[in-house]
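Consider the two complexes below, in which chain A is the common component and chain B and chain C are the respective partners.
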Partner chain A sequence: MSPEPAALKFVSSNRRVREDRRFVAGHGRYVADIVLDGMLHVALVPSQHPAAKILAIDTSAALKMPGVVHVLTGDDLVKAVDPLMNGLDTPKVRRFPLAVGQVRYAGEWVVAVVAETRAQAEDAAEKVRVTYEPLPYVIDGEEAATDASPKVHPEHGTNVLLDKTFVWGDVEKHFAESPRHLSFRVVWGRNSTVPIETFGVVARWDAWREMLDVWASIQMPKYPDQIARALRIPANNVRVHQDVDVGGSYGVKRGIKQTVLVSHLSRILNRPVRLIEDRLENMRAGDAHGPERTFDVEIAFNDEGIVKSMKMKALDNVGAYAGRSPFQLGKPVGAIVGPYKIESVQYRAMAVLSNKAAQEAVRGFGQSPTNYAIEAAIDKVAAAVGVDRIEIRRRNFIRSHEFPYLIPSGTHYDSGDYHTVVSKVLASADYEVLVKERDALRASGVMAGIGVAACLEPSGGNSSFEPLLNEKNTTSTWMDSCRINIDGLGFVTVTIHTTSAGQGHETLAATVVGEVLEIDPDLIRIVRPDSLACLPSNSPVGSRMAIMLGGACYHAAEKLKAKLKRIGAHQFGLSADDVVYAQGGVSDPGSNKTLSWAELVNIGHRQFHALPAGMEPGLETTHVMQVPTGTKLPENGRVQMYPCHSFEFHLVLLTFDPEIAKPEIRKYVIGHDCGVVINPHIVKGMTLGGIAHGIGAALLEEFSYDSEGQLLTQSFMDYLLPSSHEVPNVEIVHHCTPSPFTVFGQKGSGESGYLGSPAAISGAINDAVSPLGISFSRLPIRIAAISDAIAAVKNKQAEDYA
Partner chain B sequence: MEVTLKVNGRLCSADVEPRKTLLDAIREDLALPGSHAGCEHGVCGACTVLLDGEPVRSCLMFAVQADGYEITTIEGLAPAPGELNVVQDAFCETHGLQCGYCTPGMILTGHALLQRTTEPTREEIVEAISGNICRCTGYGQIVEAIEFAGERLRKANAPRDLKGAGANQPQVDPSAETDAPQEGVLKAAEADTPHGDRP
Partner chain C sequence: MKLEIGGSETIPASVDALWVALNDPAVLTRCIPGCRSMTEMAPDAYKVEMQLRVAAVGGSFEGEISLHDKEAPKVCGIKVSGAGSLGHGNGTARFEIEPDGEGSKLIYKGTGEIGGLVAGVGQRILSSVSKHLIGRFFTALRKEFEQPVHGAAE
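Then we have the complex of A and B:
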């Protein structure tokens, strides 16, 4: 028998998630739980108009209200702060926390009222009188892109923020050579992940220490830097406290404008100031909205359904300002062909301003909409050549022996075995029986459909889309870090350098360090220093922490283990290569002598005379980790985007009554391969939660605006979130193809489920209505849309009959 | 105005505006921050507390309306600091949460259900928690947690499974043969095995 690789003791085992204990007891520490002496509260006056000039603001009545301390307008604020960071090279699209001179969407914050209590601030906000002169506005993204449309930022000269066309490979030749073509449009409605906790921030400026302390419900890379820049203060005057539990984020909690606003207020009022958005503020003008994207796709393929080339135009309606959102068109470049061997791609990415709320980052950073468009294409090719939708995917999949596989846009996929995952799912679900069940349901008069989706989750969160879309940006690292200290009594403390929003980073770090040092993870303390005491981190974005924090912890622990081995070897008069480390002790295999953990700790902390020459005392190591594969800037529009690529395959059976048309998901099976799993509970939760988000995106959730530019879905009565009734029991089929680029073979899983479920559900609905000769090409596919479409077909049939 | 609330078995007085919600009073005046504000319009359930054992939305109720009820918040479930009750422990066992924000409401809702029945069907669990929105988990591990807590509660006071006898059956020692009394054994079994310590 060949020797097995060393078994993992803690990694991949079903250990409890250590964070859970405090949360189940109601002892999380969220931003709204932070109460400082003398703290003031903010309420905001929103714009009623989608576009209007601000002619005058009368704050006199508000200032006379009980408890009111200050009323701030955009004109006052702009004197003291710089515009918020704009990732693209569009300097004239300026954004401030409050509207300056002009409002650009309904709900935009115009005036901030500060009072002793939130209730008093709200009362006074009603007394602020703003005089507007309404301006022309534009809501639709395509219309906004035309020259004739009203300009959201007239100084910028156009509503187009970004219009970049990439051509990877011989697209025209491949189209000319391919016997069959098809083209279509699909639309991804404006939705997002809408955490149950809104965004909140508390800021306290201390003029005597020249220190701004910030507590926030935040998930934002370079957050302290952005605050410092906007406030024009040194970055080491900003101290962000990372020991704040974030009540859900999934990408959206960006919080820069809110933080700059309350920080400025604290600075001028010399008191702590907090803003906890209420749901209305959050839905209308918080960092709440996600991508809203129109895809025009052309596909070139042959009679066997092998796809040769694709042209994709993605137009994203990013709303009134450029935040992180235009970059969400860039990230999917790293998986632009999905799991398929498409040889060439033309990709046109357009980010267009409109008079809607500004978009922010959402789980997957634009990948889920793109996957929806790719999967719609594959379904259409299958229908065109008359081949089963699963067979067509198998024909086009990259083969397992072809990894690392270079896609046309310049990214190497690390590893995968797509055919095996699909086979396992079909076996688990008993696909043939499922098809019979669908057909039997149809025969009984019920609408029934099967949907499938295969897609990738790029993970490891590099930021290569920034230099790809903005040549002035030369970012080629998106590092993360870990520091480990063994104290004088031998206890281990690990620092991580970011906030968490339920991803279980404390469990991750303890598991990995415990694995390497061979000590019980439950004995390891995890702490989060404030940002001034932190090593570099880029926050838990881009499905990166298993890879990047896990990797940093691994390497820091390996350094520490190497130091312990050197100390032990020195006592034995041996070199470090000649001793063995096991369970915290170092032994000499020749003499069988062992130095225990306690002895090594004692030497490290107290016996400088016993340390090898040149070694620093103490037992502390750090590691700042570069993203695997992240070695260079984009070249010729090609870039290695993320290092790892998890795979998922969804299989759904859903039914609905032809008249009521409320979809019921009868079966949901997902095959999931994210390499080596660090904690199975966490990965399972991410996958199931991601599918629930996908169900919302596919069937329920949309930030809808009317033709007057008013947001129609601004509460949970209209913006519908999936409840336990809408989310079915999901069966997960596991597969593990380790990544060759990570320490344990792990890949990311923070976006799993969400990246394919909208495509699969949409496919199932389209399969269900296919006997009627109709299909849906716009998400969400709401109940009314289905029943109306079916009714229209039936009316037409009745007319034709008559 | 002055209001006296009985929260987690303790009587607390607070001076609140009549318009103040029960949620805000619990969080701000009683310093119990485990109940969370989510939507503040009665949809998400993050603010759920128990009123005489029944889950209610504390954001939809004024503090002054809660006078005279037994209020239970998440802080009232743990038997001692650092010690979890069965439902809380079950949520840890199945990882029935991620960010923890909806969790107090979810656990109180699950707890209330399990007070009614320790053997809820999956449909009953789904129905019970359908007023509590969770954006992290997709509910799967929450349903598992409540099922698991029910199982533990059912077993918590069940006697040992002795020589093949089920939990609710008379524990008749087969070796006792005809000596084992068939009548009245249930009463005896509550405290003891039949025949005491006879070999």
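Then we have the complex of A and C:
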């Protein structure tokens, strides 16, 4: 596979995103739009304690409330369902949709109340009386990792879910040889993606057909399988309807506990049941918080600032249950050295349970926190050797001629030209002028700083972090599929086998199939079959769909084109190699005779006698695509993790008043190289949204718990999201280094922007306060933290003076 | 989260009258903001049902109040505990009544601990909300002792 040498007609062209029309006109079809006859509604009774034994549950008053049909406790539920899936081999960390015997975080769902309306269910939920015996709890991740701390799951024996140390290369030797070392700690606060649409699911069990139909706002890999396993029913009794628009996700719409809960309720009540979380249910117990990570980093480098080796310990406080979230410590292994030529790495990954809400996947799957730690290291090395932060990056970057470049942890980076992207950004931003502007602002009494970040977006993943972190897991494929059918009238229908959360997959598939078949993408119908009619798919995670769905569509279309050529060649008495396919027609270059699309379709659909011997009638092809470069299980802690590596370089100028300390971003330029872009609007939207998301992570967003284990930021009053006030104009500088591993040279961009903006913004704030001799090492850097730190310096200066 | 309250209020009633009122569930039901009912379960032990709104959340709260270390008509200890859809809480308080001119002065002090939904949603405003609720309690209590004014317009 190599990039198409021929000019591309539709790929990379300025074509509208076909989904946008229905979204902006208000005609999306979301899970809340699914209304079934006789549908019941669920409200949840949350735990008020971070840890407590459930002594008794009195549902009698709730059952007498108007409209109430059923009240379900964890003890009842556990008789009928199996525990939800754990990613790691931790069978004693059992998780059910409702707390069983014990609650493990404040907000955890204890009882589900089912009523004719949601309002009735909520009113009745207030009448459920739960008697608790409070237990000791632990909130801090490092404390939780100690032997003395209260155990979140006593059966597991420890709060440590994962503690694995990898050594790639001669770390100790490199440290001993390096003349300079530094070490530091940075902390990534618990934030997430917080979609406007909370998680929602409707389930309907039909006993006569033995079929569970599910409509959900979902982005969960292997979702139907997980439902079937938990409910102990055959997987072909579960039918997930994929034609549901998802109102935002970026990882968190994994709703497996919610789905198992309503599916069970539908099964016992024989009616459709719906749960759509309200904001409080979503924020406290949607189990959708993101990574919360403490990094301890040691760097070995020389006087020129060339980094030789790194030791990184990453401790993630994953909350009260496991799920897939600890794997978020695994993905960064595939880009553990960032864009730099660091020769050896020691990486200790720790996932620790605590009495906080369970985590879920978030955009980048743990890569953005790690990028923040790597970029903090590079900034500190620059300061230590007294070299400009951009120059230090240039010195350490992998050179463009060194690709494919093997990093110590076993991944080959596919391609890149980091120096050129940086140069283009500096030219576009007029860096010299920007530095002068910063200095002039400082001279006028304003705090001003420039931040930079250079990082990678590993994309198209094979889920290799699963076998890497769990030896019992032997996953070596994370395939995606496409089916194309040309109907008897010559119209093309393409199936894709997953839901979408705004990533524009319909546009992607139509563009790619249109490109290969040389037909107008707008005439191609895209459908999403229900899961029972689906080919294998792994949902749009890991920034993979341009590579994997795009790749599957390409190959299916190539197969179809080959079939059309064989049909045409057969009519001319030629071999398929001797005919030319163009614009949907097949021609004989010798005689200049052409068979049109309509004629080929007619033969394929109606004239078996005119088909080459052995050819199946009809015009239909499928392709199930393996992840490029995904061939092996890990060996000695090394594995090819992701096939493609997009690059981004951020440059930020921000200012703030030294007392009020509200950062204002005055300039934001990002250089972005995701190879060949399939649709420029989609990539632009991803990048701008990602930067906004990163501004939230850097400055505003945190699921913050008090020392009593209560979540303090449970609504948008306290959990602050970036708005149009905080998000600046962003200038995007494009560069294209095609990937050699994909059909058009494309790479992923679903996580772009977010992977570097927290590091860049943090760097800009630290640059702004550097004249005061202070720095911030914990995200988010809230306004109060900045103004308090500046005030403390000024107070101390005043005292020293006195 | 921890909550501390304390202060003193002047009430236009004699020490004895105030003492009687503060031990009368009917009076307390009228004066405690959001109190739906107060039922005597045992001497000096009551069950209360309340309906409250704090910040963005509202809900019901069921609790128990007991009075202890009483020195009529001057000193009384109070213990409160309860739970509901808003969260859970418990606390202890103590009040003293002393004569103050024609009326009485009530001095109170207490500590509490609040958890659950209300602690999270309302944490920034909980202490001001508690002051507001206490204020409403005393406003209502003073009204209990105000003489109905007849023919004031004449």
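The rule is simple: the second predicted complex is superposed on the first by the 796 of 802 C-alpha atoms of A that agree within 3 Å, B and C clash if a C-alpha of one lies under 4 Å from a C-alpha of the other, contacts with A are read in each partner's own complex, and residues count from 1 in each chain.
One rule holds for everything that comes next: contacts are C-beta pairs under 8 Å (C-beta built on N, C-alpha and C of every residue); 3 or more make two chains touch, one makes a residue touch a chain.
Treat the numbers as computed from the prediction; the structure is a model and nothing was measured.
With the two complexes superposed on chain A, say which partner A:480 touches: chain B (first), chain C (second), both, or neither.
Neither partner.
Which of the two partners, first being chain B and second being chain C, lies in contact with A:46: first, second, both, or neither?
second
Please indicate which partner A:706 is in contact with in the superposed arrangement: first for chain B, second for chain C, both, or neither.
second
With the two structures laid over each other on chain A, which partner does A:343 touch: chain B (first), chain C (second), both, or neither?
So A:343 meets neither chain B nor chain C here.
Touching A:106 in the superposition: chain B (first), chain C (second), both, neither?
Once the two structures are laid over each other on A, A:106 reaches chain C alone.
Of the two partners chain B and chain C, indicate the one touching more residues belonging to chain A.
B
Is A:196 in contact with chain B, with chain C, with both, or with neither (first, second, both, neither)?
In the superposition, A:196 touches chain B alone.
Touching A:715, do we find chain B (first), chain C (second), both, or neither?
Both partners.
Pick one for A:125: touches chain B only (first), chain C only (second), both, or neither.
After superposing on A, A:125 lies in contact with chain C but is clear of chain B.
Which chain A residues come up in both lists, the one for chain B and the one for chain C?
On chain A, the overlap between the chain B and chain C contacts is residues 715, 717.
Give every residue of chain C touching chain A within the complex, in rising order.
Residue positions touching the partner: 1, 55-57, 59-60, 62, 83-85, 87-88, 113, 115-117, 119-121, 123-124.
Okay, in this complex, where on chain A does chain B touch?
16-17, 19-28, 30, 32-33, 119, 193-197, 245-250, 276, 278-279, 501-504, 681-682, 684-686, 688-693, 715-717, 721, 723-725, 727, 729-730, 753
Considering only the defined contacts, which chain A positions touch chain C in the complex?
Touching chain C from chain A are residues 45-46, 48-49, 106-107, 125-126, 129, 280, 284, 706, 708-715, 717-718.
Could you pull out which chain B residues touch chain A in their complex?
17, 19-20, 27, 32-41, 43-44, 46, 73-75, 77-78, 84, 88-89, 91-95, 97-104, 107, 122, 125-127, 129-143
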